[in-house]
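So that we are looking at the same thing, I have put the structure below in structure tokens.
Order as written gives the chain letters A, B and C; numbering starts at 1 within each chain.
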Amino acid sequence: MAKNKQTMSRALQRREDIAGYLFMLPSLIFFLGFVVIPMFVCIGYSLTDATMHQQAATQFVGFSNFAKLFQDKVFLEALRNTFVIVIVSVPTVCAFSLWVSSVIYKLSGPVLSAFRCIFYLPVVTGSVAVTVVWKWMFDNYTGIINTALKGAGLIEKNINFLGDSKWALWCIILILFTTSVGQPIVLYVSALGNVDQGLVEAAKVDGATDLQVFWKIKWAQMMPTTLYILVITTINSFQCFALIQLLTQGGSGTQTVMYYIYYTAFKLTQQAGHFGYANAMGVVLAIFIGILSALQFRLAKEK
Amino acid sequence: MKTIRKVLALVLALCMVLALAACAGTPAETKAPESQAPASQPPAETKTPDEPGTEMADAITLWTYPIGKWGVEEEVLKMTNAFTEATGIKVTVEYLAYADGDDKVNSALSGGGAPDLIMEGPERLVANWGDNGHMVDLSDLFDSEDMSEINAVNEGVMKACTHTSGAIYEYPLVMTAHCMAINRNAFEQAGALEYVDLEKHTWTTENFIKAVEALYAEFGETVGAVYCAGQGGDQGTRALVNNLYGGTFTNAEHTAYTWDDPLNVKALEQLRSMDGIAFDASLAGGDEIAKFYQGVLKMAFCWNIAQQLDPNGAHGDPGKTVTGDDIEFMAFPSEDGTAKLQGGIWGFGIFDSKDEGRIAAAKEFIKFMCDSEHTADAVKTANYFAVRTKAGGADLSNIWADNEIMAEYNVLMPMLGDYYQVTTNWAQARTSWWTMLQKVGEGADVAEAVAQYAKEAIGG
Amino acid sequence: MKTNNVGPRATVYKVISVIILVILAVLFVFPLYWIVTGAFKPGADIYAQKPVWWPSEWVMTNFNELLAKRSAPLWELKVPFSQWFTEKHEPLVFSAGPSVPAAFRWLINAVFMAAVAMGLTCITAAMAGYALAKKRFRGRAILFGLIICAMALPKQVILIPLLKEMNFLMFTDTLWAVIFPTVGWPFGVFLMKQFSESIPGEILEAARVDGSSEVRTFGTIVLPMVKPGIGALAIFTFINCWNDYFMQLIMLTSGANFTMPLGVATLQAETSVNMGLLMAGAALAALPIIIVFLIFQKYFTQGITMGAVKG
């Protein structure tokens, strides 16, 4: 790239600069205005003791919010849960959707379409609407899951899915899972359909097993799709905010950083409105996500 | 790598600039009204009574929590339309839910979209938003006549509405005693009716335990839930635990929390040991009512007269579950059968918009609803009891005379206990309370959990 | 036992897989099934302690109750930034239509919000993606790095600064407060860059030599080639914006400005057991988005095909 630049004449470079930035401009206004600048303001806030009530002047407090953060048991639990959600849901969604697609992509047109639509349904039904139904299904007293498990003789006493810290986080992950796999399946189905058949045939002639064909050829060719899926699934896992707000309000061991930021900022607790503190959490989360995205991108690029 | 370094350098540089800006006092980005308030000025002094010359605003906003029918648009519109007709001031109403209403108000306060008027109780208006300097002092709305009319009903009301600084942040409209409820048909079926005194609506701890045992023997399932999904309806669980063996939540002066009382530990242990009672972290107060209304739970700890009149807010038959079972309201069980009930007080507060015209209009609204001939309607809309004997010359003591349920409910009112929800650090105490219930429910050592969370509440 | 070609083992595997898939399919369809039937169930079915699988009687009471619950003006629009141009420094507000059941307004709001966010994102992202992929301007690497890092950022991170900013711009409690940050989210730019990479450089070079202006080149050559990508981005943005409960929750405060998903969530908070009402709301909320999906479905699958082919 650097070489490329040198060979370009200065006038040409200027032309490219102007054209490039003019094309970027509309997007940049929104990106800088509503993502980047707030992010920097967030970093600025995190170094102060700003509160919602603002009765005294805001003080610069250095990194003390961060120091406090790592002694806050709730935050550490939230960080762990956030990590669990991402680490569990991203690979399972990818693996599951790959498996489903590999089963259905060779089926006949209408059947394929039907399956694709079905797995996409929870996405288009909307997470709020789906959550409402799941809340009823997980219900401790009249929930259909408890009724079914009891009917089958698997359990004796109803399980309090959403009120028990052994279960609640996994219930959230499960709901998140159903609202996340739709898109990856659609993507993988098309990607599998587009694998270069010539290569596959050639490998088969050379005596490669189905599994080898899959990994060596199909998987390699689907790498861009996989990258895309990794990114959207990660984005999707952060939509768990709605599930937590509607199902457990952060109780029963389902606190996540996303929810704890909101909780610290706006729930009517004694800490309510500790903006400096809440923003410090935001900064930690942003660093965590930034590294994760960069890593995903690197890994996928190198392959 | 080079790119990453450049990005990092940029980030760091910008951070420092912003941190410096924030350090300097008022960060450029905090354009919210609260930051413009002179820091040294105590909130109580910022307002003066509306003097002639202040032009009254022609439109105000009111946010209400679902307090009786003050959560039903059709009914509220009747009240606000009457007000608009009388004064020409338009009122826009938004309806909050307990599940996320507080969040909405707080986010509106930080985002600059706070309403003029808010309808709720002293634990929010006085102990929280008032304490944090967001509310307008309403002292100038009370004359000695108002005070005596209110004190004639209950002396605790004005005390609860007054901040420690002396400012009054809530103009009370209605009050009630929170109680519990039982499903009469289920009790009958389980042969447990002998344990309750349906005349006086009271029972003893011993009988409560026997009744739960009988119900559990009959139905084989949880019959009552100590709900703890959040702070919604937490007055019920507090009253249950406190009354069972006579423990207290705060001291009489409201200066300290006393719920690490061994009597409370005993009560929590007792409740946890009962088969028919479950600590349920999947339910909040509202969900518990719903389960009771559905007939699944046989008793509800989150009950009051508004629920009795309109169970679950479902507009079904008064005093009936959805399956048609009879609902009996009951005082909480206590050793000698005389419970101390938690009071509920609801009224209006005004958010400090720094706009004299809007504040004056909001005060006009309060006078109209709480201190005029229209007060009877405002009280009836709330489905609770009036906090005063007379308003604007009209007698309020008989407004519910034609309602049998209300008349019967009056037996509970003398049991009204101390209104302690305005103790310092109240918001923290509530949070600690339900978190503690969750831990206890999951099998934590009761004494330890109580000690830990009570300490958290006190320490803030 | 190793099988090279289609042996009995492979067939068994296939049959079992399909059976598992069918079971899973039932699980995935169930929520929508329950919402649609629940919306038409009478109260007795809804409150029943044992699940009622099929409405004992199809009734409209839930919808009637939903529509009677709140009212709002049919349409209101605050013109963004207009406060800086009016005399009293108050934003211009266009209001139209009679008072209607709030659910209709919520529906209109949600569709407006998601559609505008979708349109703006597609335009800005297509332009930016093209520039990032094909223009060798200085600072491009830094910008792209920033975009990658910010792509997956949850909006909760900047919750407070965003709220302050919206207050400053007088967007609080308007749909713009949800729309603009959604447009700013750089995922679309990333996606469109990936698509634009596949445009052959020679074609662009040829156009330049022919004296075609930049705008013309973009309009006549680039846009048609990345059209499938735009289709994919459109559906992704629409659905994501629609489902972004968090932004709607913090930005929209008055009942008239709610969106359908937020309205349903509020109903749940208010009447946690009135499932019928909730299901009626949820059914109304799901309808438009399913329609959008069906319309764009073709573009969607097509779009991904293109993206996958390029390496």
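Just so it is clear, a contact is a pair of C-beta atoms (placed from the backbone, for glycine too) under 8 Å apart; a residue touches a chain by one contact, two chains touch by 3 or more.
Bear in mind that the values here come from a model prediction, so they are computed numbers and not experimental data.
Centroid distances from chain C, each centroid being the mean of CA atoms, peak for B.
Chain pairs A-C and A-B differ in how many C-beta pairs they share in contact, with the greater number at A-C.
Chain A and chain B, compared by their mean Cα positions, are separated by 37 Å. Rounded to whole angstrom, the centroid-to-centroid distance between chain A and chain C, based on C-alpha atoms, equals 15 Å.
Among the residues of chain C, those in touch with two or more other chains are 49, 141, 146, 149, 160-161, 164-165, 249-250, 268. Residue positions 4, 29-30, 32, 99-100, 103, 107, 110, 291, 294, 296 of chain B each touch two or more of the other chains. Residues of chain A found to touch two or more other chains are 41, 45, 141-142, 245, 262, 265-266, 275, 294. Within the complex, the chain A residues that touch chain C are 1, 4-5, 8, 13, 16-24, 26-28, 30-39, 41-42, 45, 99-100, 103-104, 115, 118-130, 132-134, 136, 141-142, 144, 147, 178-179, 183, 186-187, 189-191, 193-194, 207, 209-210, 221-222, 224-225, 228, 231-232, 234-235, 238-239, 241-242, 245-246, 257-259, 261-262, 265-266, 275, 278-279, 282-283, 285-286, 289-290, 292-294, 297.
On the side of chain B, the complex with chain C involves touching residues 3-4, 6-7, 10, 29-32, 66, 71, 73-74, 92, 94-95, 97-100, 103-104, 107-108, 110-113, 286-287, 290-291, 293-296, 312-314, 322-323. Residues of chain B that touch chain A in their complex: 4, 11, 14-15, 18-23, 25-27, 29-30, 32, 34-35, 37, 39, 99-100, 102-103, 106-107, 109-110, 124, 128, 132-134, 221-222, 228-231, 278, 280-284, 291, 294, 296-297, 425, 427-428, 430-431, 434-435, 438, 441-442, 460. Interface residues of chain C facing chain A in the complex, by the touch rule stated above, are 2, 4, 10, 14, 17-18, 21, 24-25, 27-32, 34-35, 49-51, 120, 123-125, 127-128, 130-132, 135-138, 140-141, 143, 146-154, 156-162, 164-165, 180-181, 183-187, 189-191, 194, 214, 218, 236, 239-240, 242-246, 249-250, 261-262, 264-265, 268, 275, 278-279, 282, 285-286, 289-290, 292-293, 300-301, 304-305, 307-311.
Interface of chain A with chain B (complex): residues 40-41, 43-45, 47-48, 50, 52-60, 138-142, 158, 160-165, 245, 248-249, 251-252, 262, 265-273, 275, 294.
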